[in-house]
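Two complexes are shown next, each including chain A; its partner changes from chain B in the first to chain C in the second.
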Partner chain A sequence: MSSIEIDAPGESVLLMGNEAIARGALEGGIGFAASYPGTPASEIMDSLAPIAKKIGIYAEWSVNEMVALEAAAGASMGGIRAIASMKQDGVNVVADFLSNIAQIGIGRGGLVLVTGDDPGALSSGREKDMRTIAKWYDIPMLEPANIQEAKDMTKYLFELSEELGLLCMLRGVTRICHGRGNVKLGELPKMERKAYFDDAHDTRDPKPTRYVPFPPALRYAELEKKFKKARELVESSPFNWYEGPDRADLVIITSGGGYLYAKEAVKVLKMEDRVGILKVGTVWPIPEKLVEKHLNKAQKVLAIEEVSPFLEERAMELAGNLPPTAPHPIFYGRRSGHINTWGELNPDAAIQALSRIMGLTYQPRDIEYDKKVEASKSYVPKRPVTLCPGCPHRASLWAMKKALKLDGRNGFVTGDIGCYFTGFNASGFFQIRTGHCMGGGIGVANGLGKLGQFGFNQPVLAACGDSTFFHAAIPGLINGAWNQSNFVFVVLDNSATAMTGFQPHPGSGMNAMGEPTKVVSMEALCRSLGLRVKICDPFDLENATATLLKMINDKDGGVRVVIMRRECELIRARREKPPYKVYIDPDKCIGEACGCNRFCNMAFNCQALTWDKKADRAKIDDVICAGCGLCANICPQGAIIREAA
Partner chain B sequence: MTVKKSMKDPLNVIIAGVGGQGNIVISSLIGAALVKKGYFVVVGETYGASQRGGAVVSHVRISKETQYGPLIPDGCADIILGMEPAETLRALGQFGNPNVLTIVNPRPIYPLSVLSGEGEYPDISNLVETIKELSDKTWVINATEEAQKLGNPMFANVLLIGALIALGMLPLDKKSLEPVLEERFPKAFEANMGAFKRGAELAGQIR
Partner chain C sequence: MNTKVKASNKELFDEVINAGLCTLCGACSGGCPYLVPYKGRIVLLDNCILPEGQCYQYCPRTYTDMDAISRQVFGLPYSGHELGITRGVLMARSTDARVKERAQYGGTVTTLLSLALAEGLIDSAILSRMSDNKTPEAYQARNTEEVLQCAGSNYMACPVLKVLNYIPKHSEDRLAIVTTPCQGLALAKMKNNPPQNRVDMSNVKLVIGLFCTWALSPDEFREFLKENLDLPQVIKFDIPPPPANRFDAYTRSGEVLFPLDQIREFIMPACSHCLDMTSEFSDISVGSVEGLEGWNTVIVRTKVGAELMEIAKAKEKLETDTLLPQNLAHLKEAALLKKKRALGQIIERSGDKRNLLYLGLSESIVNKLLG
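Right after this comes the complex of A and B.
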């Protein structure tokens, strides 16, 4: 039994933050959940989908985040409580719909959107702070400071959403979403709601045009009214509190994971008598009266929060309201440079900031030890992210590199988001040259492919993954077909949303709950646009290279599609044993004398292809070799032997 | 057997390895067992991009009193469980101190930077010596090698849990791990229990 479905109120279990959010949604009585995978938010749906049928809710991986939120909003209009979850970048994808539903309001069912923000961009292209979007669109938002709150807040948000008639948001950050901690379980309600659509019957808002933004000015006035109520409610929210001396020298204002770092900093520096902590759980709207009350007492205010100086700036705004006679505090945080303006928070950032402001020195370990560490640093090699041993993308990127070299016109690859994104570094032979967002690669190829009239003649390969194909590449593809742009669209089809944990997509033939579905064929879709389509197995390097080259050199131009199809190695390995036993024939490998410059080891960049310096021979690391046998194709001496396992 | 008589509070454990080695299995298993025993546990871990052959570090913080933050402050680890030697040294550099206890699996996984010739992988015996210099006590457990003998190198993680617990570093015993292993590996419980016991045996031998 999954721990999120345990019906044992009061029991304490270890949950991941995302599991706690899923559990909170169940305790909040959801009937509907929709999501698109993205780190750090994927496990919310990963934990709801497998149990959905059993517990009588509906759960789906949607084709993208926009449809996920729209579908969840549909459920709300049918009177069913619904949750949509996604990573920070997904919230950008849904921004258009979000801005509208935020103003128009929800149906009878509470509607909650969870954003997984990624401070430090540990698994993202950049840092984003979705508290700013909550402010921009007037969306009530909570931010949990630990795993227990992740559950409790999610549950509460459904009540709040229905009370206000507004979509509400939860902001998780990586350390909460992917952290684990004790969670005391609550009750699982038995919600019996009959779904029906009726936009006239509602006591909050009895207008027949309830789901239409008309007239806009009036709808905005209504939103203001609802939001005013939210401002009142947050003043007494149990998710906000102050701890510390009545008159503190310094007050830390903090939200989310920052709260625990702040607490640790105060404890480590033994400042409990001088420093207070104002923990804000309702990050939008913030509890203005509560904040003002503590601003009034403090000489110094330090903001400890993830990504942007959000609370810091709100507190500064409120300080502007203080009477001229009141003591105005000095503000410290990301704006003052006491906390880095970029990167993830950690306890040291909090300790260092607090000790600097309070004029203390903090030295966690003795200087002699630091000296030893400094001397040992040359022993620690860099470890960049790489493609896994056996990854089909390595073969695809190898074939692309070869085809572009053979063509000789300095062609290049525009990229996208997925495992193959690591193709920007040595693991993908530096082939991915642009990378912005899902669908971005084919988008920029559309523009580059129209520069012929300005003398542009470099071949453009636009690469995207199979899940991305369905998520965001289709409009770019149709645009290219319509406007006759000139590029080769390469789908790196490994049959899963691999980067985030192998979730299914419309081409998988299966939905989130494991039910069989009709396969949406990407090749049929491409052909229906009148595009030439070739499908190849990247592990057949010769054919894959020739196919790419032929498409690159196609004199008719236009958009040509190459689907490079081979299942993700990690999925294959779950099902069956490796296909080959791969080893080096020490008589055939002639070491450095070969003149290949350790081609297998230094050029192919599979982690399993190592080099035995003493023996002056290539060596396969049998612990991590996936047995794909691909490397047997590349040794000039034929010294890499693969035998059917 | 016991290394420390009374537990430091919070007890800070770092698990360092490479994406694909299964160190998140370690943090979630010992975390679940500790919660069952009534401890406050918080685990902070990084993965996503790191799944793909990058460095993965899990922070486990154990307390009788309260829930701590998900990250251990620099220089404040009590125990470092290293699944790969260079990663063990990397973790010591950031979180180590003269009192830290270290368990290290000396089997290297070569990073991309070494393969492509950008960097060099240090000699293993020098690496282990440096780890010993930076630790109060160090236990070298050939976890990968031993796990291969048991049929699958992936058992290295559970084997290392066996060593960690046999050395008395955590307020846990074999009995408290059994139900957690059974829950997590319903089909491969016996095999995992075998790895766990082998780890405990090896820890005994080193003493």
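Right after this comes the complex of A and C.
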């Protein structure tokens, strides 16, 4: 039994933050959940989907975040409580719908949007602080500071959402979403749900039952009223509190992950009697009276929060309004340079900031030991991000590199989001030259493919994964067909949304709940646009390279599609043993004397191919090698042998 | 000894490939995973950062000490003679009807290779063969049938040495190889400074060089042929001797004749910098006989070449005869003219009589050739 469905109120269970959010949604009485995979939020749907049928709710992986939120909003309009979850970038994707529904309001069913923010951009292109979008679009937002709150806040948000008639948001950061902690479970409601799109349509007062933005000014006035109510509610929220001395020398204002770091810093520096912590859980709207109360009493305010100086700036705004006779505190945080403007927080960052401001020197460990630690870092090899051994993208990128070189016109690859993007560096032979967001690769290729009138003649290959194809590439594909742009669209189809944990997508033939369903054929879709499509196995390097070359040089131009289809190695490996035993023939490999400059190691770059310095020979690391046999194609001496296992 | 210059693919591209001097001989490719001939170009597939490379060393268009090479092959300094170093010049043709049917002229090359295989002097021959799309491809033939498939002139450059470079170090196969003059020079450079990481050069037992005035660029010329001929119908090509001034294509549905001037625009630019018309660094060189169909001019240069010719005559595989004096005179004239023209081209390009780009020749020989 999955831990999130345990029906034992009061029992304490170890849960991941995302699981706690999922549990909170169940306790909140959801009937509908929609999501698109994205780190750090994927596990919310990963834990709801497998039990959905059993517990009588509907859960889906939508084709992208926009549809996920829209679908959840649809459920809300049908009177069913719904949750949509996504990573921070997904919130950017839904921004259009989000901004509208924030003002239009929701149906009778509460609607909660969960954002998984990624401080330090550990799995994203950029850090993003979604508290700012809550302020921007006037959306009530809560941020949990521990795993218990992740559950309790999610549950509460459904009540708040229905009370206000507004979509509400929950912001998690990586360490909350992926951290684990004990959670005291609440009750799982046993409810009968009857979905109905409200037909009570009073033409004298249409606003509540018509989900349109018009007239915008009146809608906004409604929203302001609701927000006024929200501001009152948050002043008495149990998710905001102050702990510490009544008159503190310094008050730390914090939310989310920053709270525990703040507590640690205060404890380590033994400043419990001088430093107070104002923990804000309702990050939008903030509890202004509570914050003002503590601003009045403090000489110094330090903001410890993930990604941006959100609370820092809100506190400064409030301080600007304090009566002139009141003491104005000095503000510290990202703006003052005491917290790095970039990067994930950790206890050290909090300790350093606090000790610096308070004029303390804090030496965490013996100086000599510290020096040894620093010196020992040189032993750690630099490990860049890389493709897995056996990854079909390695083969695809190798074929693309060769085809572009043979073509000789300095062609290049535009990239997108997915596992293959980790091949932007050496492991993918530096082929991928651009990478922005979902669908960005084919998008920019569209533009480049129309520059012929300005003398542009470099072949453009737009790379895209299978999940990304359905998520975001289709408009770019249609645009290319319609506006007749010239590029080769290379779909790297490894039959998986691999990067985020192998969730199904429209090409999988299976939905989130494990039910078999329609397979959406990407090649049929492309052909329906009148485009030429070729399907290759990237492991057949000769054919893949030749096909790419042929398509690149196709005189009819326009958008041409090459689908490199081969299952992700990790999926294959779960099912079967490695197809080959691969080893180096010690007689054929002549080491440095080959004159190839360790081609297998340096150019091909699979991490299983290493070098035996003593024997001066290439070597295959049996532990890492996936037995895919691809490298057997590349040795000029034919020294890499593959035998059917 | 040839000076070992510390240079690699960067210099190769700067000085030769991007400088219009590449003859597509294939000496730089094959054993090397970075360089590959493709559609008439040499392509660098990956960044090779080796400071010193065999690609540069063996290229016939990087600096070559002609004396050293000549001593390596013949034990004699480079003479500057029109036909190079010769033991004898004669005419020959095959006695085998099957060979004569497929041969371009006398079928001498095919016969000699066939004989060498039959006599167990060699295990395979590396030569070029017309592929289905009518461009030449390098091929390793192991028997008479396969050699016969390669008969006929291609007129387009073919990187035959690539196949030689694929042969691993430990292979005991004894080889013959059919070369154009530039390939013969590269081969001689390889023998002078043998590679330690692949083919054992002492296994190259027989080098048959072809007469060559110029070669056509394989990719561009093929496009021309495709536009003007039904390629699957083509049986063979021929350039008849002057004053014909034609390029002939023999197809199953008849002959298509092109003015030679139309074909000249596809000549590789590198060819105008080449001094060698008769493949001077071979064991035996073979060409046509002007005005006499079905015969080859044969120049015997080494003991190996002479011995093989004796066997061929003794076993009546080849019919031989004296080359007519006017033919010999004409051959020498043509060969000397190629040398003069090429030297002129090189000096015009370098701007200095003492800078012959890739040629290491003494001033006296240069003066003698320029006359």
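Note that the second predicted complex is superposed on the first by the 634 of 645 C-alpha atoms of A that agree within 3 Å, B and C clash if a C-alpha of one lies under 4 Å from a C-alpha of the other, contacts with A are read in each partner's own complex, and residues count from 1 in each chain.
Note that in this section contacts are C-beta pairs under 8 Å (C-beta built on N, C-alpha and C of every residue); 3 or more make two chains touch, one makes a residue touch a chain.
Fair warning: this is a prediction, and the values are worked out from it, not measured in the lab.
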Item checked: Fit or clash - chain C, chain B, common chain A -> fit
Notebook entry, point to check: Now for A:Ser12: first (chain B), second (chain C), both, or neither, which partner does it touch?
Noted result: first
Note to self: I want to verify the contact counts: of chain B and chain C, which reaches more residues of chain A?
What the structure shows: B
Check: First (chain B), second (chain C), both or neither: which does A:Gly595 touch?
Finding: second
Next item on the list: Angle at the Cα centre of chain A spanned by the Cα centres of chain C and chain B: state it in steps of 10 degrees.
Entry: 90
Next item on the list: Return first, second, both or neither, reflecting whether A:Asn605 touches chain B, chain C, both chains, or no partner chain.
Entry: first
Note to self: For A:Arg574 in the superposed arrangement: first (chain B), second (chain C), both or neither?
What the structure shows: neither
Next item on the list: Look at A:Lys405 in the shared chain and tell me whether it touches chain B only, chain C only, both, or neither; answer first, second, both or neither.
Entry: second
Next item on the list: Once the two structures sit on chain A together, report how near the CA atoms of chain B get to those of chain C, whole Å.
Entry: 11
Notebook entry, point to check: If you look only at chain A, which of its residues touch chain C in the complex?
Noted result: 401-402, 405-406, 408, 429, 587-588, 590, 593-597, 599, 603, 634-638
Item checked: In the complex, chain C residues that touch chain A -> 31-34, 36, 38-39, 41, 43-50, 53-54, 168-170, 195-198
Checklist line | chain B-facing residues of chain A, complex | finding: 12-14, 16, 39-40, 122-123, 146-148, 174-176, 178-182, 257, 260-261, 263-264, 268, 346-348, 351, 364-366, 369, 372-373, 376-388, 419, 422, 425-427, 499-500, 598, 601-602, 605-607, 609-610, 621, 623-624
Checklist line | Complex contacts: residues of chain B adjacent to chain A | finding: 18-20, 27-28, 31-32, 34-35, 40-55, 67-76, 86-87, 89-90, 92-93, 96-98, 107, 109-122, 126-127, 130, 133-134, 144, 148, 153
